[in-house]
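Data first, discussion second: the structure below is written as C-alpha cells.
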Amino acid sequence: MSSVPLAAYLTLALILFCIGLFGALTKRNAVIVLISIELMLNAVNINLVAFAKYSINPGLTGQIFSLFTITVAAAEAAVGLAILIALYRNRQTVNVDEMDTMKR
Amino acid sequence: MMEELLYAQPGWTHVAIFFALGAALLVTVLGFVTYAILAERKVLGFMQMRTGPNRVGGRFGLLQTVADVFKLLIKEDTIPKLADRPLFILAPVIAFAPAFMVLATIPFSENMQFADLGVGLLYYVAVSGISTIGILMGGWASNNKYSLLGGMRAAAQMISYEIPLVISVIGVILFAGSLNLNDIVRGQENIAYIFLTPIGFFVFLISSIAELNRTPFDLPEAESELVAGYHVEYSGFRWAFFMLTEYVYLFAMASLTTVLFLGGWNPIPFLDFIPGMLWFGVKFSIVVFFMIWIRGTLPRLRADQLMSFAWKVLLPLALLNIFVSAAVKELFL
Amino acid sequence: MDLDTLLSFRWSVMLPEFIILGVATLLSVIDLFMKKESSRKPLAWLAGAGILAALISIFTQLDIEVTSILYDTYRLDSFSKAFKILLLLGTLLVIVLSSNYKKEDLEENRGEFYYLLLAALLGAMMMASSADLITLFVGLELLSLSSYVMAGLERRNKRSNESAFKYIVSGGIATAITLFGMSYIFGLTGETNLFKIAENMGNLELLEHSFLIVFAFIITFAGLTFKIAAAPLHMWAPDVYEGAPVPVTAFLSVVSKTAGFVILLRVIIICFIAAPGIDSDPILLQVQPYVMVLAAATMIIGNVTALRQRDIKRMFAYSSIAQAGYILVPFVSNSSLIFELIWFYLLAYLFMNIGAFTVIQLLSSQEGSNDIGVFRGLFRRSPWLAVPMTFFILSLAGIPITAGFIGKFGIFMGALGLEQPQYWLAAVMMATTLISYVYYFNIIAIMFFRDSEGTKVSIPGGMAAVLAFCAASVLILGVMPDLALDFFYGNFDVNEFFMQIETEVHTHDH
Amino acid sequence: MDFYHLYQNNYLIVAVFLFLGVLLPVVALTAGRLLRPYKPSAEKYTTYESGIEPFHQSWVQYNVRYYLFALMFVIFDVETVFLYPWAVAYEELGVFALIEMGIFVVLLTLGLVYAWKKKVLKWT
Amino acid sequence: MNTWLLSILILSPLLGVLVLLFTPSQDEKSIKWIGILGTLFPLGTALVTLSAFNKSGEGLQLAEKFQWVSYEVFQSNGDVSYPIFYEVGVNGLSMVLILLTTVVSVLAAIASFSIKKDWKSYFILFFLLEMGMIGVFAAQNLFLFFIFFEITLIPMFFLIGRWGYLEKEKAAYSFLIYNGVGSAILLIAFVAMFMKTGTMNFEQLAYTFSLPQSELNDMHITKNFKMGMLIALLLAFAVKLPVAPLHSWMVRVHVQAPPPIVMLHSGILLKIGAYGLIVFGAGLFPDQFESLAFIIGLFGVINLLYGAFLALTQRDMKRVLAYSSVSHMGIVLIGLAALNEAGMTGAVFQVVSHGLISALLFFLVGVLYERAGSSLLKDFGGVAKRMPIFAGVLLAGGLASLGLPGMSGFISEFMAFLGLFETMPVLAAVGTLGLILTAVYVLRAVLAITFGTEKELTNAHDLSSTERIPAFILLAAILFIGLYPAWLSDMLRPTLDSILLGLGG
C-alpha cells in the first residue's frame, strides 16, 4: 500500500465537482440542488487537503483553508435551507421548475 | 509483538490479525450487551421492588437475554408492503456499524486499545453522528406515521444534544492539549478531569443520556405515545439490531465518559497495584449503573422541555464551560 | 503568534471595519430587545451614522502609508482606501433608500435589514483590504450570505423568496467554482498570501504545469465574475433584481458589484501577474482573448436582452450586466490606467444607478407595479423626478456632460491605448452602447412623450436628498471630472497595490 | 516512515471495524433467514396503524421546525470545527487567542439569543 | 491670452435657460418673447466676436485654453500624461458658421410662435441645442467637439419626439440611432488618435500626422492607421451629412419634426457633417483624402442625382425639400472631391448658402402646414392669388435653390462643378445632369403650389408681420451672398488656403 499519487485525489475531486455541478444544474428538487452544491464544495476540500500534503509546494494553510470552506459551506447550506423554508411556506413546493413567477 | 505489528508495512496478515482481535472485541461487547440488559432489568426491578427476570437460566435469570435473542432470531421477519425496501433493510446496518466502529479508538487500558488515532475524540464524535442517519432512515423507510414521527423526533433530539455534548468536551481538550484519547487519559494521572471541569462533566453526562435515547429522554421510543417510535415496523433480528445499537452505544458512551472525565485506567492514588484494566472496569460500571439508576428514578420529559433544555440550558452551560475551563487552566495549572 | 506580536500591529488602521462591525453588532442587539411594535426608523439613522463615521475615518487615513497587519491578511493601501470609499458611499445611499422603503412585507424584518446590510458591507470592505485568499474568500462569503438573506427579506412575497433562492443556488455554484479555482492556485504555489503566490507563480518549476495555471485562472475568473454579473454567470441577476426589495437591488447592482470588481482585481492581477501560461508567455496576455470574449458577450447579452424587458427592475438588471461588461474592458486591455478607470467608472455608476433606483423605488411603491408604464407622463406629473431620472439615464447611456460619458471615454482610452489597441472590443462596446440607447431612451420617451392622468409622486425628504446628490454628482463629474481624478491621483498611489510588505516576524525562544 | 505505517495501520483497524460492523448484521440476518419461518399473509404486511386500516400516504412533509433545528445544529456543529483545533493548540496560542475565541463565542451566543428571541427554540 | 469672448458666446444661450427657469410655465406670451430675446443675445455676442475677428488674419483667433481632464499613464518608457484641454477658437470657416447658427436660431425662434404646447421646456431645449451648435464650431479639440456634437443630439431627440408630427417618436428614434452610430464611430476614432498622439488639439494633430512616416513609426502610427481613421471619420460624418444610403433618418426627421427645428436641422446641423469632413477629413489626413477623392466625388454625384430623382417623385412638399437637401449635400462632396481651390470654395459656399435656403424653404412649408394642416402638393394650388407675398418668397427661395445666378446657390454650385471639371471631368459631366433635375423638381413643386387652379384653403391669409421677419431676412442674406460673395470668400480664404496647402493644391 504505497502512497496514493496526487493526481488520484485531484481526479476524484474533479469527478465529485462535476457530479455536483451536474446535479446543481439539472436536478429539480431544491434540496437536492443544495446538496449538490455541498458536493462541489467538498470536492474543493479534497483538493485543498491533497494539495496541502502532496503538491510541489506543500503548505499547511491548505488545511486551514478547508476549515473555512467547511464553515462557509455550512453557513451557505443553513441560509439556503432557511430561504427554501420561507419559499415552501409561500409556494408549497420545492420543485425548482415551478419557481417561475418571474419570466424572462 | 503488537508494537512491531503496528510499525510494520500493512498487509493482509495485518488484516487477518486485526480481524481476529476485532471479532474478539465484538464478542465481548455482545456479551456485555447480553448482561447489561439483564442487569438493567434486574436493577430496575430492584428499584421498583420486584425481582426482575428469574426463570430462565437459573435463579438469577442469567440466560434470560440469551433466550430473548434466540426468540428474535427465529421470529418471522416482516417488511411492510408499502415500505421502501432497500432503505428498510439498510437502516439497521447503518445504525449499528458506527456504534461498533467508535469502539476502535477507546483505550480500555494502557495497552488495550485498537486504533490509537491522533484525532480519536473527533473520530468518535464524527462517526457516532452517523447513527442518526440510520435511525432517520428506518423511520422513513417504514412508511408508517408513527415511525416517521419517531424517527424525526429521534433525529431532532440527537442533533440537539450533540451540540452540548461536543462542546462540553472542549474543557477536556484544553487540559489535555490533544484529541488523542490516550493523551487525554495520561493527562489525568494526577487528577481526573471531572474535578477540573465539573460543568463539562455534568453537561456531557446529561447529553450522553439524551444521545442514547434513554429515559428521561426516550421520547423517540415513547411506547405510550408513539407505539415504539421509529422501529415500530421492525421485527425479529432487524429490530434486535436497533436494540443492539443502543446498548453498544451505552457501552461506548460509558467508556468515553470514563476516559474523558474519570481518568480511564488511572488508579486512585495509592491503589495502583490494581491493574488499570480493572480500574477502567470499575469506573465504567459506575457510569453504566448511574444511567440505569436515572432510568429507574426520573420520569420522561415533555417534548418541548426536552428541546429547550438542550438549547437553553445545556448549550449556554457548555459555552460557559469553555471559558471556565480556560480560566482554570490559566489560574491553577 | 503571541500577545506581543499582536499588540505590535497597528490596529488603528482597521478602524473603519471596527466601526462597521461594532455598529452592526449594536444594531442586532438593539433590534433584538426592542419592542416589536416600536418603529425601526432610528436604527436606520444609527446605521447611517456608523457608515458616515467609517467614511470619515477612511478620509483621515488617506495619508497613512501602506500598512499591513496580521501577516497581510489585512492591508491598508491606496487600492483598498479608494474602493472602500465607493463601498461606503454606496451603502450610505442605500440606507437612505431603505429607510424610505415602505412595504408591509418588509416591516417585520426591517431591523434585520440594517445590520445585514452592514454585515454585507463589512464583507465587501474586507475584500478590498485583504491580500490573503482565505480572508478574501471569507469576506466574499460574508457579503454573499448577507445578500442572499436580504434578497429574501420580504418573507411573504413569493417573488422575493424566489429571487433569494435563485440567488443562493447560483451564488453557491459560483462560490464552489471560485473555490475550486482557488484550490488550484493554492496547490500550485502552496501559499494563500497573494504576494507569495505571485512569487511562487514565477517559479520555474511551475512551467511544466502551465496548463494547470491556465486552468486555475479560467476557473477562478469564471467564478469571480458571478458577483459582477458578467457572462457566463450572469443568469441570476434578472430574477434576483426583479424579486428583491428595491434597496437591496440597488445594493446588489452597485455595492456588491463594486466589491466583485475589487476581488477580481486583487486576486487575478496580483496572483497571475508573473505567472507563466502555456509556452511560458505571460498568462495574462494568453488568456486575454478568453476574457475579451467574456466581456464582449456580457455587453451583448446584457444590452440585447434588456431590449425586450417590460419590468423596469429586470431591465436595469440587464443594464447592469451590460455595465459590468464595459468595466471589464480596461481589465481586459491590461491598461496601465486600469485602477483609475475602473474606480472612476464605478463612482459614476454608483451615482447614476442608485439615483435611478431611487426613482424606481418611488414610482413602483406609489403605483404598486414594476412595469415600465409607471414612467408614463412622468415629466408632466413630477418634473422634479423626471429630470434627474433623465440625467441618470443619459449618464448610463454615456452621453456627454454626464459622469457616465467620462467613464466610458476613459474606458475607450484604456482599450485603445496599448501598443495593440483593442479595436474590435471598442467597436463591440460602442455598438452595444448604441443598442442600449434604444431601451434607455425608451424610458425617456415614455416619461416625456406620453401623457397620463397619473398623480404627482410625493418625494420624501431623504429621497429628495439622494436624488439631488446623485444628479448633481452625475453632472459635476461630467463637467469637471478632474475633481475625482485629481482626488484619485492626489491621494492614491496605485503602485501600492503591488507592494509587498515584509512584516517583522518576532521569534521567541521557548 | 515507521510512523507512517503506524498511521496506516491504525486506520486499517478502523476499516476492519467497519467491515465487522457491517458483517455482523449480514451474518446474523442470513442466519436468521435459515432459522425463521416464512408464512406470509396480507395482514402481516400492512402498515401498523393501531389496528385501523391505514389511510393515505404517510410520507408527509414533516414540520418545518425540524428544519430549523437542523439549521441550528449545522451552525453550532461547525463552530466546533474551530473550537477543537483552538483547544488543542491552546498552549501555544495563549491569552490572545482566548480573547479572540471569546469574541467568536460571544457572536455565536448572540446568534443563539437571536434564535431564542425569535422563538425558533420553541417546540410546538 | 484668454479673452473669454468665445466661452461667453458658447454659453450665451444658457442665459435664456436661466431666465426661463424662473418663468411660470403657463405664461405663453412671455415665454415666447424670452425665447426670441434669448436668441438675440447669442446673435449679439456673435456680432461682437465678428468685430473682434480679424478677417484677413491667418490661423486661429480668440483662442482659449485650460487644462480640463488629466489622466496619468504609467508606461514602460516613463510617465506619460494624457491631458485633455478645454480649447476653443475660431477661424474664418467656423466664424461664418457660428454667425449662420446664431442668425438661423433667431429666425427659428421667431418661427417658434407656431409651437402649441410646453413652451417652457421647448425653449430650454432649443437653447441647449443652440449652445451645442455654437460649441461644435468653436471647439478646437476633438474631445470638446465630440461633447458639443453629442449635446446637439439630445435636445434634438426631445424636440422631435415631443413637438413633432404624427410619427414623431419613430423619427426621434431613427435620428438618435443613426446619429448615435455616427458619433460612436467618431468617438472610437477620436480616442484612437488621442492615444496614439497624446493630443486632441486640431492643429497639433494635423502637425503630428503631417510628420514624415519615419517619425510616425515611433508613435506606432502606420499608413493603414491613418487610412482607417480617415475612413472612420468619413463614415461618421457621412451619416450626419447625410450621404446617400444613410439618409433615410434625415428625410424622416424633416417630415416629422416641427418647422423651426427643421430649419435649424437642415440649416445648421447637417452642416456639422460638412464641417467635419472639411476640418477632419481634408484637414488631418490630406494625403489619404486625396487617394479617396474619386470615391468621395462619386458619392457626391450619386447623392446629387439620387436626391434629385427622388425629390422629383415626391408628393409631399416636405419630402421634396428633404430630398433636395440630400441632393444639395452631394454638391458639398463634389466640391471637396475636387481638391482644388474652386471646389473647396464651392463646397464651403454651399454649406452656408444651403443653410440659408433650406431654412427659408422649411420655414415657408411650416407656414403652409400651419394654414392648411397639410403639406401634400395636391392639396394646394393657386396660392399666389390669396397669399401673394408668400408665393413670391417661395418662388425666390426655389430659384435660389436651383442655383439661379445672383443668388447664393448659383455661386456654390458653379464653383464646385468648376473645381470638379478640372480634376474629374467625366464625373462632373454626369453630375451636371443633377443640376437640370434640380431645376425640374424645384419648379414642379413650387409652381404646383403657387399657380394653377386654386384650391380651397380654410385659413389662407398671407404672411403675418412676425412671419415676414424671418422670411425677408433669410431672403436678403441669400441675395447678399449671391451678389457680394467676396465678403464671404475673404473671410474663408485663410482657412481654405491652409487646407489646400495640406492637400497640395
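Going in written order, the chains are labelled A, B, C, D and E, and every chain counts its residues from 1.
Everything below uses one rule, namely that a residue touches a chain if its C-beta (ideal position, glycine included) is under 8 Å from a C-beta of that chain, and two chains touch if they have at least 3 such contacts.
Predicted, not measured: the structure shown is a model, and the values here were computed from it.
Q: Would you say A-C or B-D is joined by more C-beta pairs in contact?
A: B-D
Q: Taking all protein C-alpha atoms shown, work out their mean, then name the chain whose own C-alpha mean is nearest to it.
A: Checking distances from each chain centre to the full centroid gives C.
Q: If you take the mean of the Cα atoms for each chain, which one ends up farthest from chain A?
A: E
Q: Among the chains, which is located farthest from chain B on the basis of C-alpha centroids?
A: Farthest chain from chain B, going by C-alpha centroids: E.
Q: I'd like the Å distance between the centres of chain A and chain E, where a centre is the mean of that chain's Cα atoms.
A: Roughly 64 Å separates the two chain centres.
Q: Go ahead and note the Å separation of the Cα centroids belonging to chain A and chain B.
A: Computed value for the inter-centroid distance: 32 Å.
Q: Would you mind pulling out the distance in Å between where the CA atoms of chain D average out and where those of chain E do?
A: Taking the mean C-alpha position of each chain, the two centres sit 81 Å apart.
Q: On a C-alpha centroid basis, what's the spacing between chain A and chain C, in Å?
A: Using C-alpha averages as centres, the distance is 25 Å.
Q: Note the residues in chain A that touch 2 or more other chains, in rising order.
A: 1, 75, 82
Q: Mind pulling the residue numbers of chain C that touch at least two other chains?
A: Residue numbers touching two or more other chains: none in chain C.
Q: Which of the residues in chain A come into contact with chain C in the complex?
A: 13, 17, 20-21, 24-25, 30, 33-34, 37, 40-41, 43-44, 47-48, 50-52, 55-59, 61-62, 64-65, 68-69, 72, 75-76, 79-80, 82-84, 86-87, 90-91, 96, 99, 101-102, 104
Q: Looking at the complex, which residues from chain D come into contact with chain A?
A: 8, 64, 67-68, 70-71, 74-75, 77-78, 81-82, 85
Q: Touching chain D in the complex: which residues of chain B?
A: These residues of chain B touch chain D: 5-10, 14-15, 18-19, 22-23, 26, 73-83, 92-93, 96-101, 103-105, 114-117, 122-123, 125, 140, 142-146, 148-149, 152, 155-156, 159-160, 162-163, 166-167, 170, 173-174, 177-179, 227, 232-233, 236-238, 240-241, 303-304, 306-308, 311-312, 315-316, 319, 322-323, 326, 329-330.
Q: Name, in rising order, each residue of chain C that touches chain A in their complex.
A: Its residues touching chain A are 133-134, 137-138, 141, 145, 148-149, 152, 155-159, 161-166, 168-169, 171-173, 175-177, 179-180, 182-184, 186-192, 200, 203, 205-206, 209, 238-239, 242-243, 305, 308, 311, 314.
Q: Residue numbers of chain A touching chain D in their complex, please.
A: Listed in rising order, the residues of chain A that touch chain D are 1, 67, 70-71, 74-75, 77-78, 81-82, 85, 88-89.
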